[in-house]
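Next come two complexes built around subunit A: one with subunit B, the other with subunit C.
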Partner chain A sequence: MITVKQISRSYPHCEALKETDLQIQDGTFTAIVGRSGSGKSTLLRILGGLDSPTSGEVFYDDISLQKMSEVQLAAFRNQHIGFVFQQFFLEPQYTVYQNVEMPLIIGAVPKRERRSLVEKQLAAVGLLHKKNALASSLSGGEKQRTAIARAMVCDPPVILADEPCGSLDTENGAIVMQLLRAMAGQGKTVILITHNREDAAKTDRIITLEDGQVIDDATF
Partner chain B sequence: MTWKIIKLSLKAIFNNKMRSFLTMLGIIIGVMAVVILVSITQGATSGITDSISSMGSDLITATISDEDVSISAEEAESLTEYRAISSVAPVISMNQTVKKGTESGSYSIVGTTAEYFTVQDESVQSGRILAPSDIEWYTHVAVIGTEVATDLFGTWDAVGGTITIDDRNYTVVGVLAEQGRSLAGSDDSKIIIPYSVAERITGQSRISSFYVKAADSDRVNSAINIIEMFLLRTTRDEDAYSVNNQSEVLDTMNDVTNTMSLLLAGIAAISLIVGGIGIMNIMLVSVTERTREIGIRKAVGAKRKHIMLQFLCEACILSIMGGLIGLLFSYCGISVYNLIAGSIIAMNLTVAFAAIAFCAVIGVLFGSYPAAKASKLQPIDALHTTG
Partner chain C sequence: MRLSDLFSLVIRETRIQKKTVLAMILVQVCLITVCVLLWMTSLSIRSTLSAYLDIQYPEGETVTLIRADYTQRTALLDAGFSEIHADCTGDLRSTIRCTEKDAVIDKESYRICYLWTVEDAELTAVSGQLWTAETEETPAIWLSERAAGELGCDAGDAFVFESYTKTSEEFPVLGIYPECDEYGDVIVNFVPYIRMISEIGIPQSYGMTGTVEQISDLPEIRRTCEAMGVTFSSRAEPWFSSMNMIEVLLYGVSVLLTLLYWMTLLHFCGMLLHRRTSFTVLCCFLGAEKRRIGALYAWLLCGAFAVSAFLSTGLLLIGIYCGDQAVFRLAGVSCFTASQTVLVFVLFVLCGFAAIGFSAFSQQRRIKMDVSALEEGGVSV
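And then the complex of A and B:
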């Protein structure tokens, strides 16, 4: 279970999050919605250990991210969290295979094991036939599916997706949502940041943020 | 993991081939400068030190520099009365034009006695050396170096042939064994004639120098003292002569060579350092350009050491690769020099290895700052950079 306790995040000219409390159960598919500047992306980065709160703590079960050293936090991200970003953040000069393989290399997984894990994830997102293609040569939908395979390759229990369909057309957006839904079906905790009400409606729970605070929390 | 980092670094380097080459250029020039300069200096001087050391440590050279001082061969030869001295070879040196048919050339003429061959440890590859009777009877005979033989006789056997020196014919009675080149020139381009005949060519009976062989290596210092006393007594002027032992000359030569090599290596090392600064500059640019890549890697769990290692590895590979290319160019440069100068200088391997090791050190030193800068980037800042 992910527990957010009294999280605040201040920047020089604004306060993105204000003493926010939240609990997210394991294996749920949760959407965090809100207008631009409501603090949803800031919350996601803090949940993923990419950013630190000004005050408050984030717990994964009983483990506090804020009590971890930089090295521990890096290892935690590698093993426990998979990120999917709107801009894909693939390395264009590398192949699809090399992009997906990267977290495994960082996690010091042996080469033979890496091969089967990468191919399994590429098959799951339907891109095995493109494993040797350069990331720069892919379409938007393929790029996002590659990013999802990369997020899943270390089999993390938590997937954090920041506007994953924001740069995609409706058809590819629907494919990505199906993949996220499937992850939740496999027992992963999936947290989706989105502007899109239709995408949010496909989740189990919608948390609405406004001015850095939770103003609505609906479970279906 | 380490191999993977090396592969990633190589990929990053080859993705920007032109920029990588230009970055390496400073190192390439630096290594070329170090290796070529030191190799040429040491190679050129090794010839002369080899020829000096081959003469043995018991050889003493006495040179009379004052032309007003007259010492005869007989006076010099009287030194053999001392037990510390085993033999003395008086020498009259001059340069003369030597002819053989239509062929001619200017060669160094050494007028001496049969003792010269013992003292200088020289032998003939064909024919004979000078005999005492040649000196006594003013025989016009000559023992010539291999270069003279090739120049004047081509592939024909020189022994028994005739050469002309100062309008007089000389019969070639022997050809010296090949000795090779040194900084002072070729030792194979001299002509040895009887001392008594040389006296007639110069028209005076003074000798310009004499070589002395000490009875054994333990008595070299005694022999030097005896010669110095003899010369002082004869010339009454300390500045009119100089007495040198080959080992002293060799030591001085080695000192000069080592100092020269160090000086040249030091100057060239500066260009290596400048090359290192070039690498640091490009690595800093690379860190800025690849901020997003660093952010992605950090987001998926890369630790600071992973990022640090990758950039450090890139800097080291650039530096070492530059060093290796520099070595290749140095080899070509030395080969071209050998072709032009007609020498047989080899690449100094110690300097080559030292240059590569220095390149690795430069890679680490100048790659550390950009690598540390990259590793300290926060993932969120790195991802934010790209919007």
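And then the complex of A and C:
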């Protein structure tokens, strides 16, 4: 379970999050919605250990992210969290295989095991036939599926997706949402940041943020 | 991250940034070579210019001067020379003396021929026997009829070759031959002759090279040489008056070039890292520690720098040879020594590696883990 306790995040010109409390159960598919500047991306970065809150703490079960050293936090991200971003953030000069392989290399997984893990994930997102293609040569939907394969390759229990369909057409967006739904079906905790109500409607729970505070929390 | 994976990532990164890496290698090769050569020259200019002074004994009076050479050499050493070398070039100088008859073969009065070939003489001996294939290895001398008459020698007399302290074994006169332009006045069997010359250590030239400890010793050495009637010269002497200016100039240029070297090295480190900021951030997002990514770039940069250092050793050797030749022609001195080259070069290379390591890790530490860095860096393909 992910527990957010009294999280605040201030920047020089604004306060992105204001003493926010949140609990997200394991294996759920949760959407965090809100308008631009509502603090949802800041919340996702803090949940992913990419940013530190000004005050408050984030717990994964009983483990506090704020009490971890930089080295521990890096290892935690590698093993426990998969990231999917709107802009994909693939390395353009790497092949699809090399992009998906990166988290395993960082996690010091032996080469022989890596091959089967990468190919399994690429097959799951339907991109095994493109494994030797450069990331820069892929279409938007293929890039996002590659990013999803990369997020899943270490088999993390939590997937944080920041507007994953924001740069995609309706068809590819639907495919990505199906993949995220499938991940939740496999027992992963998927947290989706979006401002698209249709995408949010496909999740189990919608948390609405406004001005850095939770104003609505609906479970279906 | 495993070490083997780290190296494969280094190779992958090198391939991605190959143009920058190549430019870095070329610039570093040039700068390392020029900087090391300049520092070597700066550090050794004073001692270099104070070395290699030529001493020329007057021509003529072969015997006396060679004998005098020994005593004068002691005197010259006392005057401040740390080393004197006799060159083995030019005419072979030695005294050829028949002790029994008190006769000396004066090289200016008699034409000496050295017998190289193994063949029987085509002449008829006036007395004794002439050379054959069998006498090739035998120490032997043959005199023309005229030389034998003037020296008062005949077949059976023996000559020796003299150095300061030693004499060769005896070279007996095996025979007297009639006057013949082809063979001159004296024929010496060459093979035993050259063997003897090398055994007794006869200096084979008047030209000598001296080395002084300090430039300040020069006036005293010059006075001593002049008192002994020995010609003293140095093509480097005109440079002595402007020595301080040359030194300051060389050190100034060396310091400036070294600064340029550091600036370009750090610039290339910065350029290689800056272009891949987004990759660093991405790796951190995926769970890499910054210091691991720092290590990746440190290895990449160290590899490129090691290639530069390796290539510059070849260029340095060529530079040293050409520079030495050029300076020798200009000032008559050799300017570089191997020990200085190695020391300065090793210092440059070690400092280069240290700078690269420092730059790679400190710059990685400064990178902010922010999604905007990924967007700016173009990782979002």
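To be clear about the criterion, the second predicted complex is superposed on the first by the 220 of 220 C-alpha atoms of A that agree within 3 Å, B and C clash if a C-alpha of one lies under 4 Å from a C-alpha of the other, contacts with A are read in each partner's own complex, and residues count from 1 in each chain.
The definition used in the following text is that a residue touches a chain if its C-beta (ideal position, glycine included) is under 8 Å from a C-beta of that chain, and two chains touch if they have at least 3 such contacts.
Quantities reported herein were computed from a predicted structural model and do not represent experimental measurements.
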item	value
Partners on subunit A (subunit B, subunit C) - clash or fit	clash
Subunit B versus subunit C as contact partner of A:79, first or second or both or neither	both
Partner chain in contact with A:135 - subunit B first, subunit C second, else both or neither	second
First (subunit B), second (subunit C), both or neither touched by A:87	both
Subunit A residues touched - subunit C or subunit B, whichever exceeds	C
Which superposed partner A:97 touches (first subunit B, second subunit C, both, neither)	neither
Subunit B versus subunit C as contact partner of A:143, first or second or both or neither	second
Partner chain in contact with A:108 - subunit B first, subunit C second, else both or neither	both
Touched partner set for A:29, first subunit B, second subunit C, both or neither	neither
Partner chain(s) touched by A:71 [first = subunit B, second = subunit C, both, neither]	both
Colliding region between subunit B and subunit C, picked from 207-215, 243-251 or 279-287 after the shared-chain fit	279-287
Set of subunit A residues, in rising order, touched by both subunit B and subunit C	45, 48, 50-51, 70-71, 74-79, 83, 85, 87, 89-91, 93-94, 102-103, 105-108, 150, 154
In the complex, subunit B residues that touch subunit A	1, 4, 11, 15, 292-293, 295-304, 306, 378-380, 383, 386-387
Touching residues on subunit A, where the partner in the complex is subunit C	41, 45, 48, 50-51, 70-71, 74-79, 83, 85, 87-94, 98, 102-103, 105-108, 110-111, 135-136, 138, 143, 150, 154, 162
Subunit A-touching residues of subunit C, taken from the complex the two chains share	1-2, 4-5, 9, 12, 16, 279, 282-290, 292, 369, 371, 374-375, 378-381
Parts of subunit A lying in touch with subunit B, wherever the complex brings them together	45, 48, 50-51, 70-71, 74-79, 83, 85, 87, 89-91, 93-94, 102-103, 105-108, 150, 154
